[in-house]
Every structure is written in C-alpha cells, then in structure tokens.
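Some structures are shown below for you to check.
Two complexes come next, and they have one chain in common, chain A, joined by chain B in the first and chain C in the second.
Showing the complex of A and B:
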C-alpha cells in the first residue's frame, strides 16, 4: 500500500491523546497554572466526540436535518441512571446498562422516526427539535421517576473483570475507556461508510429521488440511519452519565447541546469522521476546556497583576 | 356522566379560550415573520424570536426614559401622559425590529444565499445566540418587570363606579352577566393584530410589491428573469417580518408585563411551531397556527398542568404533522425531478 503523502493527522492526534496521560509530568505542569487536570477534562471531549459521530451518521451521511440529538443523549443517560442508581432495585452495573441504554435509545429513535421520517427537510427539523423539547420537559416533570431537576445519583463507576477496583471517573483508566469507545465508534463508522448501507446512505443524501429509482428503499434506510444515530447517542449518554456520576440537570440535554453538536459537525465538515472530531476538538475544547482556563487565568493572573495596578495608577 | 357535564365549569373554559386567543394573536404576529421569510428564502430564521426579545427590551428602555418605570409614579399619572410613550413604542419598536432584521439579512444571510441549506440555518442559530447575549447584557439574567401601563391608564372601576382600583386592568365585560374577563389588554391585542393582518393580506394580494413577493416565493429564478429585483423583495420581506415582531413585542410587554432574555427562544419556538403547524410559507396558516398554539397553551396549562404546556404544544405539533405532513393549510408540492 502506498504511503499517503500528507501526515496522518488523525493518527497523530490519537497518539498524542494516548501518550499524554502516561506522562504524569505533563498533566502536573498543566495543573500548576490552570488548577485543572486534563486527564479529568478530556474524557468529556471524547464522549462529545462519540455524540458528534452519531449525529454525523444522520446529518452527514443521509442529510436528515436533525436538531434533537441531545434528547437521545439524555434518554441514554437517564436509562443508565434508572438501571444503576441504588434508589432503584435494578443496579445492573455499567456494562449491562450500556447495552440496554444503547438498545433502548435506538428503540426510542424508531418510535419517533417511523411516523415522522417521511416529512420534508425543514418539517423534520422542527419535529426533532420539538421531540427534544418534549423529552426535556418530560424528564423535568416526571419527578417521581427521574428525580426532576435534581437528576439521579450516584451512578457507579464501571467495573472491569480482572481489575481489583472499578475505574473511577478521575482515573487514567476511565480516560482510556472513553478513548477506546471513541476509537471503536470511529472504526464502526469507517466500516459502515464503506459498506452497502453507508453507500446507500450517501446516495440518498446526494439525490433521494435517484436513489429510490435505483431500487433503494429510502424510507427504511433513513430510518436505519436515524435509529443508528439514536443508539450511538444513547451509548454516549450512558458514558456521560457515568463520567459525572449523575444524570445531571435535564437542561444539560436541551437545544443548546444539540446545536453545539451540529456546529462541531458543520465546522469540521458534514459527512467526514475526521472533520467531526476536529470540530469537537476546536469547539468543545474551546468551550469547555480552554475558556474556563482563560477565565481562571484572567481572574488570577491578569487581573491582579495588570488591570488592578493600572486602575490604581489612574485613580479609579 | 351527566353530572360531570353539568359540573364542568364553562365560564372557566370560556375564560381560558379568551386568554388563548390573545396569546395566539401574539404568537401569530411572530409566526408571520418566520413564515414569510421561509416562503421567500427557505430559511428557518432562528434569530426571529430573539429579535422579538430585543424589541421588548427596547420598549422597556423607552418606557424608562419617560420615567414610567419608577415605583408609585403610575398611580397618580393621568392616562394621556401614559398614552404618549405607548404610542411612541408602537412607532419606534417596529421600526427598530424591521431595521435590525434587514441588517441581519444583509450582513449574515445574503452572503450565504447560494450556500448549502445547513449553512444559513446554523448562522441563524448563531445570530440567535448573539442576540440572546445582547439581551443578557441589556436586561440582566433575571426576568424584569415591565410597568403595567395599560392597567394604569384604564384601571378597573369599583362596584359603585366611582373609585378606581389601581393596578387592575379594566374588564370590558364587567357589566354583562357572563362572568368572563375581557380586558382592555385583550381588546388592544385583538384591535392591533387583526388590522395588521388584514393590511398584510391586502398588501400581499394587491400591491405590486406583494405580487413580486408571491412570484419570488414560487420561483426566485423565474421571478428574476421577469425583471423582479429579488434582493429588494427579500429585503422587504425581512422588513415586514421584523415590523410584525416589533408590534408583537410591544404588545407582549404591555400585556404580560415580564421581560427576560430567554423569552425570545421560547416564544420564537412557539411561533415557529405555529408557522409549521399552519403550513410554512402560508400567511393565513401562520395566523391559524398561532391561534391553535395559543389555545393549546392556555387550555393545556389549565386542564393538564402548567409544567406540561410546552411538551403538550410540541406533542400536538408532531401529531398534526404525522397526519397532515404539510401543515394545516400548506399545499403539497410534488417533488421536482
């Protein structure tokens, strides 16, 4: 196989993210001037990457205008919550919950997808948006089941057979677990992209009418993409709930999150896996990791050393 | 069954219907901006709701300039000194919203006219967030009270008709024995909205510009070939849509008396839902959709529960779209090959 002429950026990023936590000095150095540990921050970005890859299947490959991916993210998180918190009798642990969350969220995707996927683009956008709002308000109002605005906790950390203790969410082990899931989702999408299913999806995106004329069952293929995106988003939601040990406030699964995912996808380029992840790296990285650091830096370093003396000098 | 029927509180039902119609008229005004813009450029203008919110904040600032926002000042003020600032609001804020809407179109949407559909959509969401943050700086994170000017100008009379009750708006049905409240506020909303919609309908049906708008909505390229200045038509559409939102925001502030930076998103979503429900691109559909949403909101919060209102609105939307995929009044356009 011929070597590509350009540097293999995805692989370089992967190696950087895989090596970085193994060198504790790097993280400690980062900690000294930001008071934040990257090992604890970055798994959130990986989970967000999985979510973006999920949306990529629906929006990027098939061209379904989907504005409600956060609802499926939330459904996954809440299924995990119900199945693992001690307040309920299930307590089936992380791995079973992950499977149930994925399948359950996919089922939700099917229930909403079957009647609505025949709608035209913008109508579908509103239906997905409306569905997301219905889910958010339902979670908020069904206080007896979901805990309302307080959310559910504690969600236990994942256990791995052979390891003496569970992977606590601030450990390097959890970092690698989320990274492994991200890589798995990436490879899964890469396989699908080159399969019969993926090529059919792209054909529908390019021209729905032509695709149906070539004998593709457009309705079922669209539904497959919608359900696949929902399931993957549900898995991401399960990881998210586990990573913060709680299902958080229902507002965490609102329209803003759906839009942020969509923005990551569009920034990186629709239909491109690497692009989607790069978009997450830029937007989520800036929004969740860099901007708090800038805030801290501004308040602790810049404000007392530059602004305050300047104001004092000018008698303000 | 018969007992339940007899026990049903028809007065309450009628009251909620009146409230629903008032809210529905306001939502319809915002929905017009969505539906007209969508009809012409096929863009979901997510910033429209936040434009409405900025209009409310401008109304608040304008009213504060006249000193109507200070505590206790309204009780002693004669009605004609309140009327002036209110009329000024009705003049200035539609102009402001129209101008801002046009500026957004020229700066943000126009360069993306031929881009893939998702690009202007996401830009619209971006503009919406920018507006929301402007609102946050302008009015703060907390909801702000808007002075109850209508109640101050037309207060309720007491039973003997002599003394006035400050702070309560006059009920126009007080003398009838229906037991319903149809206040001056409701009358104002209906009295402004209905003529505006009639004027818009006449404008679109009979003027040259209106004809050009309909032609552009049908086929922009063909309209351009017929000598219509499409960019100008789009500009007029944004102006009218913005002005409608401006009227809506003045009346919203005057009737509901709270203003907050997040109201734009919520009401914008309702209005957009109304536009889609009625068949997006159809002006009469937007009005019908607005009234349906208003009724669902008001009856739903009475009979289902306050916290379920939003969920109910979207559930109704999904159900209606499942059975009528192009909305209530939307026409089914066949796919072009």
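Showing the complex of A and C:
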C-alpha cells in the first residue's frame, strides 16, 4: 500500500476516549460546567460509529448505494427486545441476544439482498429505501409483537461473568463496553480491507465489468457486503437498545437515521474507516453532544456573566 | 490440425429483446492471433463478452480447451485460462498499479507463481514498475492500456481476448501496443483481437474475420483479407 505517513489521529482519539473516564475529575468538571456527564453521552456516539462503519462496507467499499441501513439497525434492536424483555418468555440476556441479533439481521440482509442486488445504482437505492420504510411501518403496526409505538422495555443491562452486578448503562463499564465494540468493528474492517475479500469489494466499486473479467463472482461478493453491513448494523442495534433500556419508538429507525449515517460517511470520505469516524464525530458529536453543551453553557454561564451585565450597563 | 482452442458454433447473443449476434461461427487455434474487424455496432464486443460469460449466449456452442463455456459463470471461465481485457481499458482507477495487477491474479492462489508473473509483467512493461505505487487512473492512456493487458496476463491465460486495445491512443503508442501483442503471441499466448483499426490488426494477425451486423461475412487468412477489395473498400478506406 502506498499510503502517505500521517499521524494516526483516530487511534489518538480513541485513546483519549479510553483515558478520559478514568480521570473522574475531568467528567466532574465537565458536569459542573454543563450539567451533563460525558460518560453517559458518548456511548451513543460509539454505537453510531459502529453503524457508520457497517454502512461503509456496503457503500464505501462496494459502492452499493444503500439508503436503508437504519432498518437493519432497528431489526437488531427489536430482535434484542423480543429476546430479552420480561414480556416474552426468552429472556436470554445481552450476550446471547447480541449474537442472535447479529446473525438474524444478517439473514434479513440476505433475504432482501438476494432478489434486489441485481438492480443497479439508483434502482437499488430506491429498493433499500422502500424496504426501510416497510420495516419501520411494520414495527409500528405489529403492535402485538413489537409493542407498536411504545416499543419494548425494560431491556436488561449486560451482565459480565465475574462482575457482581450488570453493567448499568450509565456506568463507566458500559462506556468501555461500547468503546470496545467500536474498536473491534474498526479493526475488523481494517483486516477486511487488506484481505482478498476487501480487495475484491473495492475492485467491484471501481469497475464491475473489469472485476467480473478478473474472475470475481460479483453477485455473491455484493451479497456478502450487503449481509455483512446488515449484520454489523444489527449488532449496533442490539447495543443501542441495550444502551437506552428499550427498543425506543419505531421512528428512531427511519429514513432520517439512514441519511444521517450516509452523511457521516460522505463527510469523512466514502470507503475510509477513519473518515467514517471523523464524520460521526462531527455530525453526531455536534448534534447530540456539543450542541446541548453549548446550549447549557450559554444559558448558565455566558448569559448571566457576560450578556446580562453588558445589557445592564447599556441601559437596555 | 488438432482441436481448436476456442470453437464457436451457431452463437446467438444479445441484450433484452434484441439479438446482436446471429448464428456466428468462429475458431481460434492454439498459438494464433485472430483478428475480428467490423464497424461500430457489428457485435465485436458482444462476441467477446459472450465468450467470457459476461453476456450469456442464447443459443449455439462455445467450447474452450475442452470445456463447454455456456455451462459456466464468468468467474469460473476465467479460471480455465481465458482472460478478457474489456473495451475502454477498464482499469481500477483508484487502486494502485500494483493492486490492479494483483486483482488480475485474483483467481490464482500460488504466491510464488503470482510473484514471478508480476516480475515478468514489470519486465515487459518497465513503465508499470516505475509507477507501481501510483493510482491506475493517473497513468496516461497508453500506459493504462499496457496495465490492462498486463492485468489480463496475470490470469496466466491460454487465450487472451483483447477488445479495442488501440482505442483513443496516439498512432505511435498503438504500434507499441501491437508490438507487445505480437511478442506475447510469440511467447505462446493465443489472442483473439477485436479492432476498429483493421489495417494494424490484420498485419499482426494470422487469420481474420469480418463481422457485419452480427454475422461473419468473410473469414480468411489475414494476409488475404488485407488485399481483398471488399475489405479494402469498407475497412481500410481505399
């Protein structure tokens, strides 16, 4: 690989995220300033990062314009819900649910992918979009199974053997769990990029005809990418549902989310893992973390200490 | 003569409701360069795509080296030693030159053999070694065509299907490319060459076919075709 040498900033960021909660003073200082704990805010961003990496496999590597990733995110969340809430007889706990959600969502990806991946470009994009809407409305209306607009709860927090109590979602332990999954997804994609499979995916993106002339089974490789993206999105969905203790409202898995994920990818540069994380950091980070902080900071600090005195001085 | 390397009989192929090739017969013997000339839309590229399985033939027989190609999907046809370098070069523009060549060897697994073939590709095209780590899209047109041929050779083919290797290239580069094709053939690769540049193609070929609206209208020794008044009038501009 002929890549220019540059400092590996995503790793630096991840290390910063790993060290940050170990120094409670930092988060406490942050809390006094904004009334928010970063340790509680950031796992959502990690989960969103996993979802974005999942979409990167389909859109970034293979060039499948996929507009329905949120549906797979939702399927993962609802599989987790069905398998863990007390209303159902399963209650198999977080870890088994994670595995089933990943595989089950991947299977959904296969069922959708087999008939539709023959379509190209815009047509495939429309099918994925349509499928995602179908999933959202199905979840909303299958009240008896999914709880409809109320969603399903409570989804129990993950238990880890050896720990006396489960990892409550506002704990540092949960923070590290989601961070670990993000790092694992990142490293998995790094490994795939350098493998035969990753090269083949990129070759298909570059030129499908040439790729099939080189002996690539284009149909099957595209399906593999679609299924892989679905499975990883399902795992992210499982983490998401666990992180909020509920499957949330079906609208959380709508078109807006699919597009936001795609925007993160495009902002960071399609096909780039680091870019995907950068995009998540900018878009999701700003929307969900930085902008509320600025809001609180403005109202609590800046307004009373600067603006109001200034206004008073000028007799307004 | 021994059994031909590639034999096509009664081939019919097309897209959607339209047939492009009607009842076509064609053979390539081992060690030959066979040129296929014809106007735009005659079906030259479709013929190559029907052979390599990118377009599925609708009728007829396509046999290569003892295998029935109609029974196989495109990615398995490649593994039999049939390389197709498609029209318009179709290199992978954002992969490096080296990665492009490695993709060519995708169907193979022996790392030593691949390394050896990579080395011989660089010996044949020294410019590719110089620009090994640059993106394929940054090469000039002639260099991209060399890369496309080198990539197809990474399959270690018995038969190379070349679609318009002279497309959009300066005359000097074109003769360079044709010299390369002749050298390759002397090293034992059989070539089925599709060209608009009929004169150049017939000069290096052993035999030639003239394709008109999906049918072979002339088939003869390349030398004879080059002097055939009909070919001269229609394709050589005389």
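Assume the second predicted complex is superposed on the first by the 290 of 316 C-alpha atoms of A that agree within 3 Å, B and C clash if a C-alpha of one lies under 4 Å from a C-alpha of the other, contacts with A are read in each partner's own complex, and residues count from 1 in each chain.
As a convention for this text, a contact is a pair of C-beta atoms (placed from the backbone, for glycine too) under 8 Å apart; a residue touches a chain by one contact, two chains touch by 3 or more.
Values in this document were obtained by computation on a predicted structure and should not be read as measured data.
Overlay on chain A: chain B and chain C fit together in the combined arrangement. Greater residue coverage of chain A by touch, when chain B is weighed against chain C, goes to B. When the two structures are aligned on the shared chain, A:97 is found in touch with neither chain B nor chain C.
Of the two partner chains placed around the shared chain by superposition, neither chain B nor chain C is touched by A:39. With both structures placed on the common chain, the touch criterion links A:212 to chain C but leaves chain B unconnected.
By the touch criterion defined above, A:117 lies against neither chain B nor chain C after alignment on the C-alpha atoms of chain A.
After overlaying the two complexes on the shared chain, residue contacts for A:199 are found with chain C alone; chain B is out of touch.
After overlaying the two complexes on the shared chain, residue contacts for A:126 are found with chain B alone; chain C is out of touch. Of the two partner chains, chain B is the only one that A:259 touches; chain C does not reach it. Nowhere in the superposition do the C-alpha atoms of chain B and chain C come closer than 6 Å.
Residues 209 of chain A touch chain B in one complex and chain C in the other.
Taken together, the chain B residues at the contact with chain A in this complex read 38, 42, 44, 117-119, 121-122, 125, 265, 269, 272-273, 276, 280, 305, 307-308, 310-311, 313-315, 317-318, 321-322, 325-327, 335, 337. Across the interface of their complex, chain A is touched by residues 52, 54, 73-76, 78-79, 83-86, 90-96, 99, 102-104, 106-107, 133-134, 151-152, 155 of chain C. The part of chain A that touches chain C in the complex is made up of residues 1-2, 196, 199-200, 202-203, 206-207, 209-218. Residues 59, 65, 112, 115-116, 118-123, 125-127, 129-131, 133-134, 137-138, 140-141, 209, 255, 259, 262-263, 266, 270 of chain A are the ones that touch chain B when the two sit in their complex.
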